[in-house]
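Each of the two complexes below includes chain A, the first together with chain B, the second together with chain C.
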Partner chain A sequence: MPMPTVTGWSHSGPDVSDTRKSLLLILRSSPYGNGLARAGVDLALAAAAFDQDVSLLFMDEGIWQLLPQQDSAHTPGKNIARLLDSLPLYDIETLYVDGTSMVRRQLEPGQLGGNTQVLDESELRAFVEGFDQVMGF
Partner chain B sequence: MKFALLVLGSPYAGQSAESAWQYARAVVEQGHELYRVFFYHEAVSQGNALSVPHQDEVNHAGRWAQLASESGTELVLCVASALKRGILDDREAQRHEKDSSSAHPGFIISGLGQLIDAHAHCDRLVTFGP
Partner chain C sequence: MLLHTVNKSPHQSDALDSCLRIAAAGSTLLLLEDGVYAAVAGTDSEKQLAARSDLACFALRSDVAARGLQELLPTHIQLLDYSGFVKLSVECHAVQSWY
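== the complex of A and B ==
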């Protein structure tokens, strides 16, 4: 499978080889309608390409990014589900999901694509606190 | 403490740009180091030197550049976000055969690696959403 093209990070390479901090990206935007979902996934791919320890947590409207069989033919951007499918190539194996956001949208874990782990409300705080830094999209 | 900011909001829609700038100024005024401000997504338009706001409105690029020159902060526009929105410096304008550039000279255009670098080298990285 060819590596997906990621624009933006190959332009210049920082020297981060001496530092490896854990990074959590919280993805709260729906897959289409604005470019934030794409911005978040691009950053995840870039962070992984620079050998950073990056994890993804899907919350709120971001949950919809995880539904398989997205048809993006009539949207201007790339297919988010397909971009997410490429994450294991970058050693991002597990995708974390906020369980409360799923319940509110009447979604069951079985409906999501990818290798997901659902976190309930009691686990969420400690999970987020376990990371050195957090960025939100 | 060493800070970096990730800014996502467009300059003239919503509060994001204003909040980010006020926070940046407070970081500097309180004696912290503001290592880098990374403009991503719609926020790259905050570096557009060709914006002509009304006199009683904010000139985003100008005031960021002033803050940066006073504090030694690096202002980075994400290249992928910037190019598709027509924010080009001289080098990019030449490379893509455009007649003019639009990026304020106080900003540099670079890749997402600069955001990863900020993550790796700062104590705090604060996101300002759209």
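== the complex of A and C ==
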């Protein structure tokens, strides 16, 4: 019996190459206090899977997402640190961090997981204006 | 330039503080919902806003009125109605909401 065919279907999916946009996610939520941290990482992975140019900026309580020794075995939901570790597979290599938010939490760059780059205030102001779209989580 | 919206009181959240750290010169800030408390004259947050003369600062008129703040706002904060909000959203290339 022949397989049904669907006309107009492209095996490789829709061509999104001409709709590539730069997207900045500003992640300001702690990893397990609510669902926002997970939602932000999910959006980053989804956008990157669709070949969009995604950057992540961690600030305020979002800084806590970057602590590397998260053991979420007895916490509902996936381990945020491990999800963040998977970002390089999606070509998200550098994680940007607000320096002031780190200092206020007594954290040093060496204590954070991933390949992080710390931005000061003047760098942040130039940085956020360089994206087509910005979303906060 | 970005339109930044802030909907939390500065006494409750660091949303405004972080927004002001990130907002580039020439960008626009709109206070709405409990964010309008940031504009009460003489408060630390109002002084922070006054110091950022490189930003265009607005507060949503209906949220100011609902909270009875009409007489408490300084002149450097412009009041905006909903149609003005829509206009700003269209004029700015992207919107970042701080919540």
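By definition in this document, the second predicted complex is superposed on the first by the 120 of 137 C-alpha atoms of A that agree within 3 Å, B and C clash if a C-alpha of one lies under 4 Å from a C-alpha of the other, contacts with A are read in each partner's own complex, and residues count from 1 in each chain.
Quick note on the criterion: contacts are C-beta pairs under 8 Å (C-beta built on N, C-alpha and C of every residue); 3 or more make two chains touch, one makes a residue touch a chain.
The model shown is predicted, which means the values in this text are computed figures rather than measured ones.
*Asks:* When the two structures are overlaid on chain A, which partner does A:G33 contact: first (chain B), second (chain C), both, or neither?
*Replies:* Touch status of A:G33: no partner.
*Asks:* Which partner does A:D60 contact after superposing on A: first (chain B), second (chain C), both, neither?
*Replies:* second
*Asks:* Looking only at contacts as defined up top, I'd like to know whether chain B or chain C touches more of chain A.
*Replies:* B
*Asks:* Once chain A of both complexes is superposed, is A:A47 in touch with chain B (first), chain C (second), both, or neither?
*Replies:* first
*Asks:* Name the contact category of A:D98: first (chain B only), second (chain C only), both, or neither.
*Replies:* Only chain C is touched by A:D98; chain B is not.
*Asks:* Thinking of the overlay built on chain A, is A:E121 touched by chain B (first), by chain C (second), by both, or by neither?
*Replies:* second
*Asks:* Please indicate which partner A:P109 is in contact with in the superposed arrangement: first for chain B, second for chain C, both, or neither.
*Replies:* A:P109: touches no partner chain.
*Asks:* So, A:G136: does it touch chain B (first), chain C (second), both, or neither?
*Replies:* A:G136: touches chain B and chain C.
*Asks:* Could you tell me which stretches of chain A are touched by chain B in one complex and by chain C in the other?
*Replies:* In chain A, positions 133-136 sit in both the chain B and chain C interfaces.
*Asks:* In their shared complex, at which residues does chain A touch chain C?
*Replies:* Where chain A meets chain C, its residues are 26, 28, 59-60, 98, 100-101, 121, 124-126, 128-129, 131-136.
*Asks:* If you look only at chain B, which of its residues touch chain A in the complex?
*Replies:* Those in contact with chain A are residues 6, 8, 40-42, 78-81, 110-117, 119-121, 124-125, 127, 129-130.
*Asks:* For a test of understanding, state which residues of chain A touch chain B in their complex under the given definition.
*Replies:* So the residues of chain A in touch with chain B come to 7-16, 19-21, 23, 34-36, 39, 42-43, 46-47, 50, 52, 133-137.
*Asks:* Of all residues in chain C, which touch chain A in the complex?
*Replies:* For chain C paired with chain A, touching residues are 1-2, 14, 18, 21-25, 27, 93-99.
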